[in-house]
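The same subunit A turns up in both complexes below, where it pairs with subunit B and then with subunit C.
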Partner chain A sequence: MIKDYVRLSFFNLKRRRLRSYLTMIGIIIGIAAVISLVGLGEGLRNFVTAQFNIVDADVITVMASGTGNGPPGTGVVNPLTQKQLDRINSVNGVDVAFGRLIQLGDYLFNDKRGFTYIASIPAGEERKIVYDIVDLKTDEGRLLKDGDTLRIMVGSSFKDNDESGKRVEVGSKLEIEGHDFTVVGVLEKKGSFAVDTTIIMNEEIMREIFSEVGDDEYDVIVAKVKDGADMKAVKQDIEKVLRKERDVEVGEEDFSVETPENAVKTLTSTLSAINIFVYIIALISVVVGGIGIMNTMYTSVVERIGDIGTMKAIGARNSDIFVLFFLESGLLGMVGGIAGIILGSGLAYGLAAIAGANLGLDISASVSPMLVILSLLFSFIIGTLAGLLPALQAAKMNPVDALSESR
Partner chain B sequence: MIQKIKQISRKKKDSKHKTASDTAQKSGKKGDEIIIELKDVWKIYDMGEVKVNALRGLNVKVYKGEFLSIMGPSGSGKSTAMNMIGCLDVPTKGDVFLSGKNISYLTESDLATIRGEKIGFIFQKFNLINALTAKENIMLPLLFQDMPVDERKKRAEDVLQMVGLGDRMDHRPNELSGGQQQRVAIARALATDPEVILADEPTGNLDQKSGASVMDFLRQLHKDKGTTIVMVTHDKNVAGKADRVEVLIDGAIVDNKKKREVL
Partner chain C sequence: MKLDLVKYSLNNLLHRRLRSWLTMLSILIGVMAIFALASFGLGVRHYIDELSQDMGTDKIMMQPKTAFALSEEDYFTQNELEFIRKVNGVGEAAGMTFRSSQVYFKDSGKIKYVYSMGLPTDETFEMVEQLLTVDLLEGRTLKDGDVLKATVGYNYGIEDKVFKRAVRLGDKLHVNGVEVEVVGIYEEIGNPSDDSNIYLTFDGFEEIFGVKEQYGYIAIRVGEEENASAVADKIEDKFRKYRGEKSGQETFTVQTFEEAVATFSNIINGITGILLIIALVSLIVAGINIMNTMYTAVVERTKEIGIMKAIGARNKEILFVFILEAGMLGLAGGLIGIGLGYLVSKAGGAAAAAAGYASLRPYFPWWLIAGCLAFALLVGSLSGLPPSIQASKQNPVESLRYE
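What follows is the complex of A and B.
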């Protein structure tokens, strides 16, 4: 039975097509705003999460940083040292820790100069651990091994470096910091900006070409935590050890100790704040849209007083009339919601594609089914709420008065 | 068209369709059973400073199977009387009985149910829902009675055939002539198989020819199926088509002497 009422309501909306569309604009904008912005935010979060997911969850990263005291730029970074690495290695819960060099450097390929991160790989047993942690695999060629001097692996983004029709491949020659290197492997795409654009070489040769880096210095210390160990406790122990070793007080640390979880959390909370803002804007828009629906429904009731009278005369109860108008209003909301979802999804995926193409990043929007369902439900509820009073007015109309309009 | 009614009613008598058998029973005896009775009905409209007495002690009896017309000039209280007979309104004073049941104190929803089941309305301006096709218009009152959709369709098609619009089922009201629209309205009134057909100036919006055709149809319906019809009109000629005419002036039925003067 309800199907017939829905059909009748739908029919009435279709008959006043232009007005129905105009009425729905508020809802459409509101829902489109939510879908596009939340979809983009979610996509961004997935992207950033992917950046962190390239390392295993049981890895702690230690980096030196400025003290934070004094004007920015004046703080000289106190580098991490071999001694500090040894101390971290002896922290309870740390399986193995090793240092890596990560330097910004320039390279020359096909007479074109580029600028990117260059990272080192330690030798021996630790090499395997790094390969394992970062899950490095080659798409072409092979991984670096001990004894490879003047040889490098490059991230997957080097494959795209073909503006002049020439791309980096196994056997290509790159001049880095004045030395000629040969590419032995191109890495699999990781979806991580940091890895995909990096040049990796053995530590030994890297120390040689970046002579300004001290012999016992590291840019990053990576600590793999033992299975079952408490990440938080290990992180705190490492901080304690480093404070002592680097002679700094609590709160004045000139280094950072990050767990992957930690970093993602920070980002997520930022995105949540943005989402709340988006939801508030969208809510306002949808509520304004709801008021528009209410206005239209009142007009519709007045226009159809004659029909209401006729329907009451031929046996429509108050509840029948109520359902008819109530559904019509709900449908206005829901159809607006559907249009908003389509528009919003289009915007989200479109903008993500444009941004991704311009930045050269692998970003894509993510509109979850849950978000779609909730948006639909919400727009239907707003529609029905807006229709409540007009529908009641129509239902309560005196049949004699209503009929007199059309007699 | 009349030929068609005869055919269909004959066909219906043969079938075990509910409508047909019910109607056949209804046409049984005539003249003694009262379907609608208005007893000393007053309707007073409170217009603030003045009170308008639309009905002043109206007494009307509608007998089962009769064709009654209530005639009166404009302002005589015709419409108000029609509202009372049609259970669209309740009196300020007095009682309205439908099939022996006093409906003067019923709620609007109960009245709606009674209207839907017992009364079929025909209006001057047809009052079809423009958004719906002829068939859908006829299905509408059945929808309000919660009848399953297949049955509704079947009924609507049957009555449309009966009024000779079998080929216009999917037309919208604005695609039909006035006479056709009124026939759709008649079909809608018949669809619920009501106790009484209540016609309010059924020819008022029609040209001479269509009006005459609609009146012929109503007469034939009354004659063949014994349908009880109450018609309200200001037109002497139209009123004269009924078996019995009552004259309404100033909110009350006039006596026979006065009636002879008017007619």
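What follows is the complex of A and C.
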């Protein structure tokens, strides 16, 4: 029975080939626009999320609040201190906590000045933990170790820093804050802008050369949570300890305690807002495509008044007629949707590849199965919704009138 | 004769009322989106143009190359400021300084983080005020001799913006723990960050932050009849030598305001452009709908076309009738779309202003309206072209026979 409906619908669509194609093209373009934009947007979001290069999910990051512009520690009025670090270390559930310095600094290489983040690595046992958490490995040379003073590791982006044919490699000398540093290691590419462009040195020497860093101050405190401990509870305990130590009330915190999850969330929520705006604009074209379907369906109802009359005269029920037209418009939507998904995915991956190659970034589109299913569903719904009114009109038609109207 | 054809087209559209409406609906949605987006894009550019006119084209700004996380040696010193004042072509130069700060309002019990700016109180104050594009709303500006006095941005005077309670003249704020008296409130600049600034004199800045004669920003007005970008080049060259730096290794940047504005305009244009292209997709779909409607109309009226041809209508006239029909669909859709787009933009502008972004207001130049209308007409008639050609080329004999 259903098979008959589908066959009849297909037959009718085929009979008005040009009109069916044009109607579908509307949906195809709309769905392709949505798929390619969402695919690109999601890809971009994955790229941004990858910037938070913390592999371990059981790490809590503490920062002092500032005006919120620039790198961590910028514009901070009341910095984190050694004492606060000690307190965090004694919080139940914290395995180990250590502080890091992150500064924006300039370096001189091959007579060219550059600006980048300079970050510190703590000494001793904690060094190994940082290497573990950030998953630092070298491509060339070795990692920093205790006792290295005027030595640095550089991110992978320094490798292609060859405007004048020279590049930073193991043994290169970089002048930072008036001191000559020797590169002992070039890090593996992380795909994270923050890590790949950073210069890393031991904490001791960093405190020595950056005069503006207070003696017992830290820009970031990183706490590794014990296995099996409740992240949320530990986060709240750290907040409580810091409130007491920094003498602030609940709701007036001048610091932030973030789990990797909510750090990513904060950043991607802004990106999501922009994405959603773009998606809505793209969705407009699908809606316009839907209006096209509605128009086509109304036209075909008018054209087939005679058919409807005949079908009813030989016993078709209202519901049969309704399903017939409803199915037809749904098919228009879905077939258009499938073609749109294929076209849109191609566009998304193609554009991402072009953009990635031109910008030298690791961007790739991401068309998830969820997106595909949702788009398919959406195009079917748009199709059926658009067909709803015309199908109802057809179903309610009086067979006698229909037959006489069609001459 | 032509008038007859117009009447005929119109009649046909009215005859297929529902179908005409649906087709128009699809094009009006696209026009509405494009009109609203473009009016916002133009509005922001209009705002920037106004801003740069207020600032004047004779201004240059100097900043350390690292805009963030300035270390002591990155700032400009008093000696360096004096040196710049002496560069040929410089009319006047003023240093400004800023720091992130913690501000506390006792009556509201909340701590906020905002920028505090140290401003000169000498004869360069006027230029600085012009650059900040702020006018005083109430109270007075800072003057020589003020120490623990501050003027504040617009948002302080509004309830629930910075603090729950509105700050009034004479109220005390704690900036990094130091009590200062509010002596003036500025008018709205149009973005939440700038409208939350606190302005202090250099003396006040020294009292609170303990730094003196250290500038994070130097504003320069070139002398009369001087070319700003030529002076900027000269300053860059001289100052580089003064600091003993090689070309390419400068620790500072010099930029005319026009250049800075141009950079910003380019970004705005880029964003608007991308959004418009996305919105344009819906207009393409609408065009396809028009084409579809017109193809259907041609098929439906095959017999009519045959009759018209039989009694002497020429191909040209048939073509004209159908293109006119499609064009009218586009034009009508465009008109309604612009009207609705205008309402959407107005509502969006009001929402942005309520959120503190008064600078984000739509702008409707006549050519945007004319352009959108012309474009809608073009989309309509172009989409109608293939069906119209098909109609005009029909063989009258076969058309008459068509059932």
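In this section, the second predicted complex is superposed on the first by the 242 of 407 C-alpha atoms of A that agree within 3 Å, B and C clash if a C-alpha of one lies under 4 Å from a C-alpha of the other, contacts with A are read in each partner's own complex, and residues count from 1 in each chain.
Rule of thumb we're sticking to: contacts are C-beta pairs under 8 Å (C-beta built on N, C-alpha and C of every residue); 3 or more make two chains touch, one makes a residue touch a chain.
In this text the structure is predicted, and so the values were computed from the model without any measurement.
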Could you say whether A:78 touches subunit B, subunit C, both of them, or neither, answering first, second, both or neither?
-> second
Partner touching more residues of subunit A, subunit B vs subunit C, is chain C
Scan A:197 for contacts with subunit B and subunit C and give back first, second, both or neither.
-> neither
Could you look at A:89 and tell me whether it touches subunit B, subunit C, both or neither (first, second, both, neither)?
-> neither
Where does A:275 make contact in the superposed view: on subunit B (first), on subunit C (second), on both, or on neither?
-> neither
Now for A:115: first (subunit B), second (subunit C), both, or neither, which partner does it touch?
-> second
Which holds for A:138: it touches subunit B only (first), subunit C only (second), both, or neither?
-> neither
On subunit A, positions contacted by subunit B and by subunit C = none
Any idea which subunit B residues touch subunit A in the complex?
-> 79, 83, 86, 88-89, 108-109, 112-113, 115-117, 120-121, 123-125, 127-129, 131-132, 140-141, 143-146, 149, 188, 192, 200
Residue positions on subunit C within touch of subunit A in the complex are 18-19, 22-23, 25-26, 29-30, 33, 37, 65-69, 71-72, 99-102, 109-111, 113-115, 176, 246, 248-251, 275, 278-279, 281-282, 284-286, 288-289, 291-293, 295-296
Touching subunit B in the complex: which residues of subunit A?
-> 1, 4-5, 8, 11-12, 15, 306-307, 309-320, 398-400, 403-404, 406-407
Report the residues of subunit A in contact with subunit C in the complex, numbered from low to high.
-> 18-19, 22-23, 25-26, 29-30, 33, 37, 65-71, 73-78, 103-106, 108, 111-113, 115, 210-212, 248, 252, 254, 278, 281-282, 284-285, 287-289, 291-292, 294-296, 298-299
